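A, B, C, D, E, F, G and H label the chains in the order they appear, each numbered from 1.
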């Protein structure tokens, strides 16, 4: 089994971590810095290590109070405040397009995280924000513009109904992303998560709550493989 | 406080139960026999006691194996196998119409329980079955026919999205009834219940899982009060 | 199906949002600003956009630290600190009355949110605060004063028993609103929510935890429709 | 510490069990046979071992299909089908009275288990069945008759509101027993359990779901100690 | 039914609240101020209103930052920082003794709340702190000193095993109080709560998580009634 | 918006159902009969209606006791006992290959449901059964044989770790299917579901518990779209 | 990494399964047949395949209705009805002793599963049944007899307190096994599981609910390694 | 029963606590200060009391803002910021080695707590950090170096799969420690906890979430006993 036994399987030992810089070759998705509990020094050094090794580095969940320092220290990096993400370089353009659709304005940060990651991975993104099921005509208004998309990432909190409605209208596969936004009985995204997993409309697969990165990584692998066959 | 202190507040002592035959006068909704764990004798005697006292008796959740005997013993009663309900007499006609809409064929028994109770309580019912969000055009096909309804009882299992979509399209108040039907992550109706309670579309109130009777009783009170003012 | 296909179905594109200013015509309930995670600029611009389009704007869950600035910037608006809500203008008076009843003093903010929204939507409100089941005589003392109400919004935390008791005493439909107040095993409102959904007294429908707005919107639709028939 | 180190602390080794026949002396509550998963032979031999050792034996949760055989084999025993309990002998009469109150007819088996155990332990029992909060006047009708009780065991399923209402009306301590009966969102007694634990009326303590025996044992210890001081 | 219909059933209307100053007469437990979310003004005025009406006032869950001001404003009051409680006056001495036992040092605040309330209600208290089941000999060392107690309030977090062990050793009824202290899988007291409710040792009743007040109120009613018979 | 407003949007009214025979054209996935609670008559008539309309019909979750009769009545259908599925005809061959991998022998029925549906929809399937993480070498033994797959459907109960391990080894997108098999703390598939959703390996999307059909439908849409671009 | 890449890493392909007959060498614990959902043919063939390959075979959770047939077909096997387990041969004797202790008689089947597996794996077992915390003296009576044990497997349902008490008394490591037995709020073993995981007594590790096999396998590895150092 | 009845069973009364300084002799694990909610004074005095009594003191979960003061006040103590732990002295060296392995960098604090405790208890520790299942080759790279370990403490958040994979590769017993790190559906460690408890690989026992101390204490007892036999 070559994937595990090859001598070329390496990693970078950096302080207490073993950075898996072979992951990009092996899986198509590079190791990414999850910055939520890290300080500026840790984020910077991880970004530099990854960039040095593979010419590309991405960090998600940049804490708000770390963003300014990171922009100073990594002037070549691109930071997006809404997406709370940062990248140095990008993967080669793929020519593929992914749709990112969200139900409410509170879901936009998660949608933008997905969009930022997709663009960093070389894809084009078509966005539709604030088109939830309480006013479906907002989605239908320019629905046709989504037809070039290879996949639709559909982001929703509250009752999480938007993926079901979309999956009943289109041939494009729907990747549901529940968000932690909501009130009443939304339970930090649990309700949207369960609703998406129980959809009556076939053709939906789901990632974890607020996991815009995970949805983008999945869409990336989905698209990545296509040209090979 | 007359409601509790009036001497006219009575009840019927029947075996171990205290049947609240004053409830109809007090609340507009008569005491009803919940038959799920009762045997034929118990159901029959409760029906007779209520009928003798108030000229109307209704039982819900008739066990399948009790239905035939009950039809024999209470030949004047009307039984509906789909609704699993039985009634002797009905309340006076109100001239009001309520819509009962369900998402999938598996939700029909709950919808029919609501419809049966509404008709027993004197209302007209407009039905729409199997019009879930995976194929919304089935609902929209004869949507206008629902416009005479004073309220819409919307029954759905799985992800429970139908009430949200409907509440975004109509002025009529929506009463959501989650059902225990579903798989994947439906968790015996919990997902649909939470989804309806978290709806992004205002104007929805919800009753318990599979509680077609409760939705009908609420709709009945909603309509009942209207002529008084 | 005209609701979705009419060319008149519009929305306002404002920054990243698509404001559904057709919602008032379509459903009777206008789009409302949920202000909880928004800053002063976002709240102000959304209020102005809605007010310009439909001559009415309402925001709920105003963050405490945004209230003073908003009062300065929108001097024509009415703000209620207890209800944490803000409105510019109001919908036409309906001549209808809704009761808003709460169990404990900690439930008052949720009750006042409901009352504020109802008044903004053109209704009269009869209030009863702090009349929980540990001292029922407080409720019964002026119970008759509730008889003109078309619906009762009943707000309770802890064990959420008040809607059950009320529904057993009155012909008026009861809309239960569980609150997140409580201790012991109240679990942020989950216990009150489940208790209201499991009520032994028929004629109760429930909205999500702390959702005073949702209860008011439902009551509004309930009342709104009445005159049409 | 005498309770654990005394040489008189004994037990009966019977097959695979170590029957704690010292428990009655030590705690005032004898070891009792929980019969739910036991066969007729096991129940009979445990009853005989306990009776031989302490002149009293009690079994609860007698499976329906074991009852007839047990009555044959233990002709001196008293069996109660509603309570699903069986006893040989009884503890000395205490002259104390405990109230056992239940909300609905479906809660009666749990109430009767409590009453049977109390009577076996030497107490008098005052019963009130089917007096739930949907029709409170049924409880108030002969409420005064409960005044001689040292404690009230209050049994309720559904939303479990009855203990709260009672504790707000009386000086007698209330022991709440949630039952697994209910539908909608009763979740096999979880809702009633949480509601009783979150009661806004002080003076309630709670036992596990359907645990009529536990409530009776607690009431027994409560009463038992009183004469000592 | 006099409890609800007597004309003497009163309450004090104070701002938005209806203070139930009849509760002491009716139930033996006075209305108490739950101070957790109240400011100094609200706590002071509620304390004064209760004290003026019934010569006794008690507040629990005093926020830490309100304590100093309250001591200044209510110099006649007694405040206990560990118990986070405050009282003006006390109920008449009863000559009864209650044991308050806690498993770990982190459980002491809840135990002291119970003890403070009991003393305010006129009882003597015997305390045992930090005697959890990991070192049972600490409990057994002076176990006999608990023999004069009419009830044992047993406070424990983590796995909540102490009530079970105690109930197996003594004739005194055990009132279990789960606390929110713990880690691993303690889930803010849920585990201790469920464990106490599932105890294999009969004679335990349970109140909500961290509800020292509730346990004291229940013990108070338990003792209160005894002399009447 | 043509999807909802086109006059060609039809459905078949059959008894109480509205069969969405337009779904295949609109979404690429035909309406499918979920047979779990249906009797032989209902399954047969739904199969015939779908087959007559679109030349293809598929039913999943065939009850064991309905299988023989259905084979008799629909002799042209193909039934697979392991997959509990039945089909009449198949969709056109796509030339695409999907991998279906399961962790344990108890997961095979879910894996076979996915495989059956994929083959019915025109795809080739590569199977790997019983290759769970307790003995990873069983998976690695012929891992290369999976390289032609466009997607991997990975079915696992218990702790649901297999998708994580696979996603770390391959460029192919992984669709996780948790199963209800397991013991210890598997909780009917909840543990596997949550584990897959929380995977540390990017590139996984998940469907509901035991939802082999849903995984196949998603994989089908994923593959279906590819040739269009 | 030899464990995964060695060519000697084999498995047996038998029908749909890949039996990991290398597991015994690699981990010290052989692959075992989990028989719960298997029929007699499947169990027999798996037992034979394992026995042929490694001279030892073990099956757990033998369904009651399969036991007699299996005894007929595998006359050389030893079956234990209480443990619901079956074995052909045993691993070499280790000379080590493990204690298996259970709280109540209903926990005995899980304890016996552990004991059966331990004996099959070559260990001696010291048993203590029915020694729960409601009567701790039953445990202490012959506590010293446990001193030769290398580990204590402690099996308990209900509130699961026994492991805590034991871990506070002894130097021997405690392996907690929660069982699904219980009522009140035991929730099929969840309460005991959480309680054991939250124990205040250090030195406890826990396996899943009813997982006697898992506890035995862990104890086996614990002992197995000892002689190597 | 000597463990509980010996007169030598003592404890230190210090303020409100009863410090169990006999625990080390009795169980092999000394009483340890859980510092999470304690202030500097409380931690210092508890450390001094334990050190004076037994020549060793250990505190875990040192709050960040207490660390500097404690280092000043207890200059002889050793503090580890990553492990958030502090010790004065250590137990005698055992010559045993335990492995501590963690899946991600966010799990390191929990792993280091375990390692710190093990070293304080006299053991050697072999560490492997950041070797999660998304890149298994990082673990396998120097897997052989773990072969001298008597037990492996395996720390993981997210889906908690690492213990399963390890237990399938090695004879050494695995002690799983779920951590609260994760997102998506990790639910503060609940998912990792349930996954480890449901592992398909036998030979795993589990401690509570983030309970590095508990894992170390268990490993310590496991090793401690070995030389005695």
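Assume a residue touches a chain if its C-beta (ideal position, glycine included) is under 8 Å from a C-beta of that chain, and two chains touch if they have at least 3 such contacts.
Note that the structure is a prediction, hence the values are computed from the model and not measured.
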{"item": "Those chains which touch chain H and also touch chain F", "value": "A, G"}
{"item": "Repeat of interface G-H, chosen from A-F, A-B or F-H - more than half of residue-number contact pairs shared", "value": "A-F"}
{"item": "Interchain centroid distance [CA atoms averaged], chain C/chain D, Å", "value": "44"}
{"item": "Chain centre separation (chain A, chain D; CA means) in Å", "value": "57"}
{"item": "Centroid distance [mean C-alpha coordinates] between chain C and chain B, Å", "value": "25"}
{"item": "Centre-to-centre distance between chain E and chain A (centres being mean Cα positions), rounded to whole Å", "value": "51"}
{"item": "Residues within chain F bordering two or more other chains", "value": "1, 4, 23, 134-137, 140-141, 167-169, 183-186, 193, 197-198, 201-202, 207-208, 214"}
{"item": "Complex interface listing, chain H residues touching chain F", "value": "103-104, 132-136, 158-161, 164-165, 167-169, 182-187, 190-202"}
{"item": "Residues of chain G touching chain F in the complex", "value": "4, 9, 11, 16-20, 22-23, 31, 34, 36-37, 193, 207-211, 214"}
{"item": "Residue ranges of chain F touching chain G (in the complex, touch as defined)", "value": "105-106, 108, 129-131, 134-138, 140-141, 181, 183-186"}
{"item": "Sites on chain H touched by chain G in the complex", "value": "1-4, 23, 26-29, 32, 96, 137, 140-141, 143-144, 148, 150-151, 167-173, 175, 193, 197-198, 201-208, 213-215, 217-218, 220-222, 224-226, 229"}
